[in-house]
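As structure tokens, here come the structures.
Next come two complexes built around chain A: one with chain B, the other with chain C.
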Partner chain A sequence: MHIVVPIKLAPDLVEDLEIDAGGAALDRTFLRLIINEFDDHAIEQAFLLKERGGGQVTIVAPDLEGADDVLYTAAAKGADRLIKLIGDFSAGVNCHALARTLAKVIGDLHPDLVLTGVQAHDDLDGAVGPLLAEHLGMPYLGYVAGLTVSDGKCMARKEYPGGLVAEMDVALPAVFGIQAAEKPPRYVVTSLITQAMKSATIEEIETGEFDSGGAAAVERMSRLEATTHAEMIEGSTDQVADKLVAVLRERGLLAPRG
Partner chain B sequence: MPIRETFWNIPHWAELVQYVLMVLTMLVFTYGVFRRIRRWRQGRPERRTDRLGARLGSVVVHAVGQVRTAREAYAGIMHLAIFWGMIALLMGTALATVDWDVTRLFFGFQFLTGGVYVVYELVLDVLGLLVLIGLTMAIVRRYMLRPARLGNAPRPILAWDDAYVLVMLMLIALSGYLVEGLRIAVVQPEWARWSPVGRMVAGWFIALGDPTNRNLHIALWSSHAVIAFTFIASIPFTKLFHLIAAPANIFFRSLQPGGTLTVTPADREPGVKVWRDFTWKEILDFEACVRCGRCQDVCPAYSSGLPLSPRDVMIKLDAHIWARGNGHALAGDVITPDELWACTTCRACSQACPVFVDHLASIVDLRRSLLAQQKADARLMDTLGTVRRYGNSFGKSDRQRALWTQGLEPRIKDIRKEPAHTLWFVGDYASYSPTLLEITRATARVFRHAGMDFGLLYEAERNVGNDVRRVGEEGLYELLAMKNKAALDKCDYAEIVTTDPHTYNALKNEYGLTRPVYHYTEVLERLLASGQLSLIDRSTHVVTYHDPCYLGRYNGVYDAPRRVLEAIGCRVVEMPRHRECGLCCGAGGGRIWMQETPGAKERPAESRVREAAAVPDVGILVVSCPKDLVMFQDALKTTGLEGKIVVKDLIELVDEAIQGGTPQ
Partner chain C sequence: MSQDIWVVVETLRGAVMDITYTSLAAGRILADGLGIRLVAVLLGHNAEPLAGTLGTADSVIYVDHASLADFTPEAYRRTISGLAKELAPRAILFGHTSMGMDIACGVSLDLNAPLISSCERVKLEDGRPWYSSPTCGGKIIAEGPIPDPVCVLTIVPGGYKPEAVRLPGPKEVVRMAPSAALEGLRITLKKYIEPQAADVDIAKEPMLVAVGRGIQQADNIALAEALAQALGGVVCGSRPVVDQGWLPVPRLVGKSGVSVKPKCYVALGVSGAPEHVEGISGAELIIAINTDPRAPIFNVAHFGTLLSMFDLLPALTEKIRQAPRP
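For the complex of A and B:
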């Protein structure tokens, strides 16, 4: 079984984000990148599957600051192949371009499972997972919180609000959008990462030109401005409901009574 | 003339049999010792043969003088009485044998004659009594008082070992007196009054008359000899082995600053997974432990009801290295992760241990391996990830590290850009914790008031790694230390000061820096003594002072903070547990990053604030560690002692004293 996990590096929200002079993108001078939190869960889920049923785990990362760290950390956890995509990622690459690029690379790897983080906070118009599945011609299932693989078939667990859980059989190969691994991502001690840096090799694959077609264009980026304070509606359930209806009517969001 | 006839009433063959027995005893003894040494040598190498003079001195003070043993009155008197009594009796017996079978036989003279002999008899007679007193104390304590710390829960079979030693010692002493008494009963020498106990025993037998007494004598003499030889032969196989292992452990103890840890070679898996991963010295620790339980008594984890007793750890590890089929991983069935993670690394245990067991070396070594297998608290691992990424445990940007300086005018020097005499290494807590913001600013104010020329590393500073290291994340410690040292190397400064004892310990003892490192209390003491720091208003507070583990036990800084408090006019009243015996606040060794363990009786910090609140007249618990402040303020809330006592950092009191207007 071959599991491929493509990961994204997203802006670290611990740092202050600035908008660049053009007003339509983040200022990347002070930006720091961190592995997309959901991708970290995808990696963990891959190792959980490997621990249970064996197989091979390949991690694919774009050539950005922090990519080597992510790859070697994955190697210390037991990744079998590390791939770095070489291309001009520095100005930011949208999900469509990324999905097309990944599809080319991952298609050649002949994976049984592709695990991606279900979303990232810089996904502008849709997540990478579904786009990638489309290009690869594989089924996609998102918001997955657990996977079991047996005899070429996969059972995925999805959690819904209100405590509902669905279990779905998916034919492999398939792409999954992982919302949470079954266990929180593991911590691997630094000395093992240092050892991995010495022993593991990162393969490099050229991406060529990016094709960003199909994406929405950003016209303006701005900070959320705190406006007026929220108004608390108090009273009994009926009173609150009446008040709410009145407010909605007042704003023209509900047809006037009649 | 009084003279010693050593083998009185002993047929020649019995004397010869005795020498045969002696040779056998030595053979068994040597084999036993060899067997132990062979086990030690299966550990990893570690160099412990530097500074031989200091090592021998330490053996004299602590193995022969038993200074630490004597710290406790009851146990001290008990042990010293038995030990010195037995040593004297052994030497007495040896002297008598030499007198009779060496000097008399080969050189034709005896030295145990006349006055010398009389004194010899008297001294031995009295010291024998000392042994009996010590043994009685031991029996009363172990079987009637039964303190918890002498229990054998982790290995019940050890109760036999304990009993064996007491019974054997008792038999040796009693049979010795009986042999002496019977001899006196028959011979009735005129100098018998110099053996008061022997003469008293003789009194019981005189009526039986000769030859009954002669026959009794030879029977008891033989028994005495057999028991004594058995005793000696059993030394390497029972807890008596501490007669050898304790001095050895004291000789080979670490002469580094307290708390220096072992080093795992870079190409190995981190820490100790199976027992052969321990260094030989760690294995020696297990063997030297006499199970006295002093470490358990002072352990904050144990007393707060957590599943850790440093004594039990030693007992279990010792049992394990001798057990059959012991090749498997230690963490799990031998020592549980919960035990290992409960330790605050306060070092109270090794400070109390009479034989200088270094519990932390083993505990941290085992933690390293646990962590490598992710068998650790989830919050702890999260925090380590945060430290690795951001260089601080708060998960904030390094660009915000000096946010606390905002508004301080003039701006504090950036030591990366301009030289300053003092480099202030602020540390994570003082930099980022909102609770400590005002205290850190007060520190800057006091430093300025004293005219200190100081600067900061600003965002180049990283978590120092002291606690990261004690959690068992050696690689991350090395990474942090490397970054900090690189930043320090580029700066021009004469000394380092920090308010955080954990930071202080790492910078001072583990970074290998060439310039001196001071805790702020040491600097303040110096400034006050030289008059450089002038006070406007002397304080009138009655306070008690909490010794932070990493300042006190790890670095021996006990006086500086107390002198500062006195210099600013405070009256310091001590809590029962202070200085070397100070109680840990519970935050150390990474505990502050772990989830609260459910089921604990009382957290160490709570026990500590109760202790402080119970000291008469005291209204302030003074601390000199940023973590203490956080821990104790929280404990005040949970114990409901908020109105009774307040927690203050020492700098706050100094700040009041330099500003005037002490708020009461």
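For the complex of A and C:
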């Protein structure tokens, strides 16, 4: 069984985000990118499947700062093949373009399963997973938190609100949007990553031009200027704590001692 | 050419989901602004009575088929695309949800229609319909025109209150047969698995202390437990905390978890991503403790502080314990 996991490097939300001079896109000059959090779960799910049923795990990442780290970390966890997409990702590429590009690369790998992250927080035109599935001619199921493979079929656990889960049978090959792996993503020590940097090879594949058609245009972007904002309490730890206690007391929210 | 605004009704085990009403509210604004009709598209099996709360729509299209009894991506997507090819709507609104996100992309490709995701609000600007979508965890708002002749949108909660549009009606229900073949489906529903049993139902708790990724590690949950205990409440959390296994699934607040409505919600190291915030819109008082002045949680909180929770919590918990009671 061949499992392919394409990885997205998405803006780190802990950093300040700026809009570029054109006013309709993020300023990417100083943007810090990190792996999309759901991709860590997709990678974990791939390894869990491999441990249970054997097979090969291939990780595909775009050539952006941080890609090598992500790829070598995956290698340290046991990835069999690492692929870096060489192309102009620096200006940001929309989901439609990525899906077309990934379909060419991933189609050639003849996967049984493609595990994408369910979505990324900077999407404005859908998600790569369902678009990719379409171009690969495979079925897509998203919001998945758990997969079991047997006899060329896959049983997927799809999440609905409130903790309800639907068990769905999916014919393979298929693309899944992973929301959460069955277990928290494993941790790998730095020494193993350093070792992987020496022993693993990253294959490079040229993407060519991107075709972005299919997304609606963004005309302006703005930082959220909230219409309401919390009353901020400043001061020392003691002062802030006192003020918060006062807020709770005024509202009768201090529980009687019991 | 009908050029109506369509809202695809989302149902789960015999109930219409709130996101449908939110989408209807958005659809109503577009339909009124453009002087066209708002149509709800309901798929199911023996589900016609569900049309009874879709009165905000001018009309309901109801498609009945055994393969549509429960949501599966291919059957739903083929049916919607088939109908849309026949009736040519101006826009199709899905929820940005487990169901909507499975099929909105496919439908947009079937119709060769551009796609706009996570739209929160719509409006008419100089006679043109516009979307606005929060992105990057709610820190950035993207806006633009909704292209014609046809466009697919996915709608997130937050822009419009579902209650106001849950109206009896509708004026007409048009029954249609699925125009696409529903055989050869590669995805089939086996069964539903009920949510894990909960020791406490956080939806009913008046005092909640929520922990987010800012808590850093499992051991630190004890700090939140101590605060919760002093307040006479319980601990709940955001998705990353639950996915790490630091809190059980029934304690998850938000889109994939529980919607809560406590008297007081103390958020510790929770950034306030849209998927989290949609679960706390019913909270009466929100206090946010977060070191990032730009964290979106401060836009929904009533009180906030930029102190680190690790500095503040010991003092706060102690002072609450000591505080004189009325």
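One rule holds in what follows: the second predicted complex is superposed on the first by the 227 of 258 C-alpha atoms of A that agree within 3 Å, B and C clash if a C-alpha of one lies under 4 Å from a C-alpha of the other, contacts with A are read in each partner's own complex, and residues count from 1 in each chain.
By definition in this document, contacts are C-beta pairs under 8 Å (C-beta built on N, C-alpha and C of every residue); 3 or more make two chains touch, one makes a residue touch a chain.
The shown structure was predicted, so the numbers you read here are calculated from the model rather than taken from an experiment.
In the superposition on chain A, contact is made by A:127 with chain C only, not with chain B. Applying the stated contact rule after C-alpha superposition, one finds that A:14 touches each of chain B and chain C. Within the superposed three-chain model, A:187 lies in touch with chain B and out of touch with chain C [touch as defined at top]. Comparing chain B with chain C, more residues of chain A are touched by C. Of the two partner chains, neither chain B nor chain C is touched by A:117. Once chain A of one complex is fitted onto chain A of the other, the partner contacts of A:168 are limited to chain C, with no touch recorded for chain B. By the document's definition of touching, of the two partners only chain B reaches A:34; chain C does not. When the two structures are aligned on the shared chain, A:255 is found in touch with chain C, with no touch to chain B. Note: residues 14, 16, 184 of chain A belong to the chain B contact set and to the chain C contact set alike, using the contact criterion stated above.
Of all the residues in chain A, the ones that touch chain C in their complex are 11, 13-14, 16-17, 19, 24, 26, 37, 41, 96, 118-119, 121-127, 130-131, 133-134, 139-143, 155, 157-171, 174, 177, 179-180, 183-184, 214-224, 226, 228-234, 237-238, 240-242, 244-245, 247-249, 251-258.
In the complex of the two chains, the chain B residues touching chain A come out as 264, 266-267, 270, 368, 371-372, 374, 376, 378, 381-382, 384-385, 388-390, 395-397, 399, 472-476, 478-479. Contact residues on chain A toward chain B in their complex (touch as defined above): 14-16, 34, 184, 186-195. Note for the complex: chain C touches chain A at residues 12-13, 17, 70-74, 97-98, 101-106, 108-109, 114-118, 131, 133-147, 151, 154, 186-196, 207, 231-233, 240, 243-245, 249-250, 252, 255-258, 263-264, 271, 273, 285-288, 292, 294, 296, 298-307, 311-312, 315-316, 319-320, 323, 325-326.
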